[in-house]
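Next come two complexes built around chain A: one with chain B, the other with chain C.
On to the complex of A and B.
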C-alpha cells in the first residue's frame, strides 16, 4: 500500500510504496532517514555525510530470475577503513519477499536471507549450511555510508556491524551481527550480462575488476580434463606396448667381413628379407679400431626393383694415457636408424674407408621391428602440455581470488 | 577448449601411431641424425 508522508526534516513529500512492510525510508529531497514504523514519522538520521547515485533506477520494476522485482532501496557500504566500497540494491516482490543485488568491483551477487543459521567451525574457519561447506574469506567491520529508498528495517547511515564472508563459488555465505541480532544470507554470483539485460543497464555497467571472492572459475573442468588426459595417455601406452608385443625386434642380417685392402674396397653382402613389419630398421656396425676409424657407405639395394637406399655409418675409437691416467673416446660400435623400407629382398653394397692401422674385420648387423621410445615420450610430452597450462591458469585464478583475503591458502602470496 | 584438447590429443596419438609404424623417430630429428636418407633413393642401373 502506497503511503504519502511529509518529511519532518525539510517538509518535502515522501512516498512510501510498501508502507506496511517498510520501517524506514529516505527523503529524496534532503536525504534524511525517517522512521515509518509508527503513525508519526520520526527522524532517524537528519543528514547523511555521503552521497551516491544508484545505477539501477529506484521505484522501477524489473524481471529477474523469473520474478518481477521492485527496486525499493539502495545502500552504499564499505569496510571499516572505507577502502573497499560496494552497492546493495533492495528488491521486493510481495509474493516472494526481499532480495539484495550486491555490486562490488563490477561483480554482482544475488543475495537471499537464509531460513536458519549456518553451523560455524571457528577452528577450521568454515561454515556449513544445507550440507554445503563454505570457507572463511573475510572478517571485519562493515559500515553503511549512504542509504536511499525504503527498507524493512530501521536503516541508519554510518551504522557499523561485524561481517563474516564464507565462500564456496559460486556462492557466498555471509553473517552480519551486532549486539542485537545475527543475520545470515546466501549470495550467488551473477554474470554481469544477466544483470545488464534484466535491469536495462547497457552502457552503465561498471568495469569488473580482479576476481570476485565467489566468482566461479572458468577453469572448472578439472575432472573432464583429467579423464581426457588419462584416456589419451592410456591410448598411447596401449599403442606403444601393442607394437612391442605384436612386432618384436628381429635380427634379419648379420655377417663379419675382412676389411678389404684393395683399391676397390666394396663388399656385396648375401641377400636378406625385409618384411612389412612396423618400426624402424636398425643397422649396427662393430670394428676393432684402435686409435683410428672405419667409415662405411652402405647402399641397401632392393633386388627386384633395383631401388637403392644409401646411408653412411662409421666407428672411431681413441685411447691413451696422460697425467690424469688412462683416457678413451669414441666407440667401436655404432648404430643407425632407418625408417621402414618397402618389404622385399635386399643386399648391401658396403664401401669402406679407414685410418691406418686398419682393423682386420668389421661386423654388420641389421634388425627390423624396432620401436622408438623417443616417440613415446614425445607424444606423452605433447599430451601433458595443455593440462599443465590449464592447471597453472586455474591456480593463478585462485591465487587472484584469494589475494584480497586474510585467510588465503596460498601462503606465499599471502606473505607477499 | 577442453573438446579442442581432445581432438588435438587424438591427432597426437594418430600421428604417434603412424610415425611409430613407419619407423620415423622423433629422436633422429632432435639428434640431427637422418632416419632415412631422404632424396637419396634412386633406381639401380
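On to the complex of A and C.
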C-alpha cells in the first residue's frame, strides 16, 4: 500500500511505497529522516549531509539470485573514524523478505539474516554457524552516516553499533550488537559481473580495490592442479625409492692394475656376468693422477657371441697454487653410464694412454642395477615448480586479504 | 462442535478446533469469545490493511510433512516495529502439540509448537545477553524435539527483548484477545535447528520452540495475491 505523507520538516510530499512494512523513510527533498510507524509522522533526524549517491536506482525492481527485489533503501556506513565508508542497499520482496546488497571498495556482498545466532569462541576468535567455522577478521564500531529511501526499522543517523566480521570465503558472518539486540547475518561474496548484470550497472561499477575479506581466492581453481601435481611427485618419489629397494646396486667386477709403460699391451680382465636386471650399468675408473691424465679405451666382449661394445673413459686432475691460494681441477675418479648391455658373460680389453709421469695403478669397477638420480631429480624439480608457484601466489593473496585485519595470521602484516 | 451465531449480526461463527476460544465474525468483524455454553461479544475489529502480506486465514502449509492451515492471527506492535503471529490448526498433532503458531517478521517465518510452561519470573530480571533459566524437566521435553538443546545453555541466551501490544485480530485464537495487555517477548540465541522465544506472563512464562524456515520451505497454498508482485 503506497502512502503519501507530508514531510513535517519541509512540507514537501513524501511517498512511502511499502507503508505497512516501513517504519522510517527519508524525505527526498530535505533529506530529513521520518518515522512513519504511527499515524502521525515524526522527525527522527532533522537533516543529513548528502555525502554519497546510490548507483542502483531506488524504487526499481531487479531479479537477483532467483527472486524479484525492489531496491527500497540506501545506507552509507563507516567505521568509527569515518575514514572507511561503504554502501548498503536494502532489497525487499513481500514473500521472501529483506536482503542487503553491500558494496565495499568495489566488492559486493549479498547479505541475509541468519536463522539463529552463531556460536562464538572468544578465545580462538572464531564463530560457528551451520557446521561452518568462521575466523574473526574485524571488530569495531559501525556508524550510519547517510540514508535514503525507506526501511523496516527506525533508522537513526549517526547510530553506532558494535560489529564483528568473521570470514570463511566466500562467506562472511557478521554480528551487529547494541544494547537492545544482537543481529547475526551472513553475506556471500558476489562477483561484480553478477551485480553489474542483475542491477543493470554497465559503466557505473566502482573499481574494485585490493582483496575483500571474504573474496574467494582466484587460486582456488589452481589448487586442484597443484594437488594433482603434488600427488604425482609423491608417486615419482615412491616409484624411485621402491625401485631402489627392489633393485639394489651390485658390483659385478672390480680390479686394480699396474699401468703398462706403453700403450700396448692391452689388459684383458677376468670374465664377469651381466644379468638382465633392471637399471643401467656403470663403469668407474680411478687412477692416482697428479697434474696429468689417464685415458682408457675399453672393449667389452661378450664371450659367447663375440659381440663387442667399445667406449672411452679417462681421468685428469690438476692442482697448484696461485695468488688466490690453492686450486684444483678435474677428478681422479670418473663414472660412465652405459646403456643396458645384453645379459651374458663378458670380459674387458683395456688399452691405456697417459701423460708423463704415469700413475702406477688404476682401478676399474663395473656395477649393475644403478638408478638414474639425475632423471629423478629432473622430474622432481620440474614437477615441484608448479605447487611452489601455486603456494606462493595463494599465500600472497591470503596475505593481501589479511593485510587490513587486526587478526591476521601472517606476522608480516606489520612490514607493510 | 456446537454451532454459535454471531450475537451482533446472526451469521454463523467459525470455531473449527477445540483449541479456539475466540473468533472474529467474518461478516461484521465482531470479536466474540466462547464460554462453555454461551458466547460473549467483546468488541469490534478494524480490518487490518495488510496488502503486502501473502499469508491469510485459509493459507495452507507444510511443516515436516504435517499439513496445517492458518485459522487466525494477531498483529503485535512494539516501538521498533511489528510482527504477525498466525494460529495454526494442524492436520495431525506433532510433538504433543494440538496446534501451532507461525510467527512472521520482516520476511522471517518461524513455525512454533504449543508452548511449554516455565516458572513465573519477572521480565525485569532479564536483559539482552542474560540467559533464561530452564528447569531440567522442561529442558528434557525440549531435548526430545532437538538433542542440540540438552547440554547447551548458550541457546537460552537472550538476543532481543521487547514489549509489544496486540493491535489487530483476525479469525480464531486460543485465548480471549486483550488489546490492553502488554506482552514481553524475549528472543533467544537458539540453535541451528531450533528457534526459541520466551513470553513473560503474570502467572507463568512460556517458552515457544520450533524452527525458522524459508518461505519456499512451507510450500504455501492459497496465498493472498500481493498486488504488483
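By definition in this document, the second predicted complex is superposed on the first by the 274 of 416 C-alpha atoms of A that agree within 3 Å, B and C clash if a C-alpha of one lies under 4 Å from a C-alpha of the other, contacts with A are read in each partner's own complex, and residues count from 1 in each chain.
In this section, a residue touches a chain if its C-beta (ideal position, glycine included) is under 8 Å from a C-beta of that chain, and two chains touch if they have at least 3 such contacts.
Quantities reported herein were computed from a predicted structural model and do not represent experimental measurements.
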Item to check | Which of chain B and chain C A:82 touches, first, second, both or neither | outcome: neither
Touch check for A:121: first (chain B), second (chain C), both, or neither? neither
According to the stated criteria, A:339 is in contact with first (chain B), second (chain C), both, or neither; which is it? first
**Asked** If you stack the two complexes on chain A, which partner ends up touching A:221: first (chain B), second (chain C), both, or neither?
**Response** first
Q. Counting only touches as set out at the top, which of chain B and chain C does A:243 meet: first, second, both, neither?
A. first
Max touched-residue count on chain A (chain B vs chain C) belongs to chain B
Partner chain in contact with A:278 - chain B first, chain C second, else both or neither: first
On chain A, the footprints of chain B and chain C overlap at residues none
Per the touch rule, the chain A residues reaching chain C in their complex are 1, 18, 20-21, 23, 37, 68, 92-98, 113, 115-117, 119, 129-131, 152-154, 179-182
Given the complex, residues on chain B that touch chain A span 2, 5-6, 8-10, 12-13, 15-17, 19-28, 30, 33-37, 40-45
Contacts from chain C onto chain A in the complex sit at residues 49-54, 77, 80-81, 106-108, 128-129, 154, 157, 159-162, 189-192, 194-195, 212, 214-216, 226, 229
Touching chain B in the complex, chain A uses residues 221, 224-225, 228-229, 232, 235-236, 239-240, 243, 278-281, 301, 305-311, 336-340, 370-372, 374-376, 378-379, 382-383, 386-387
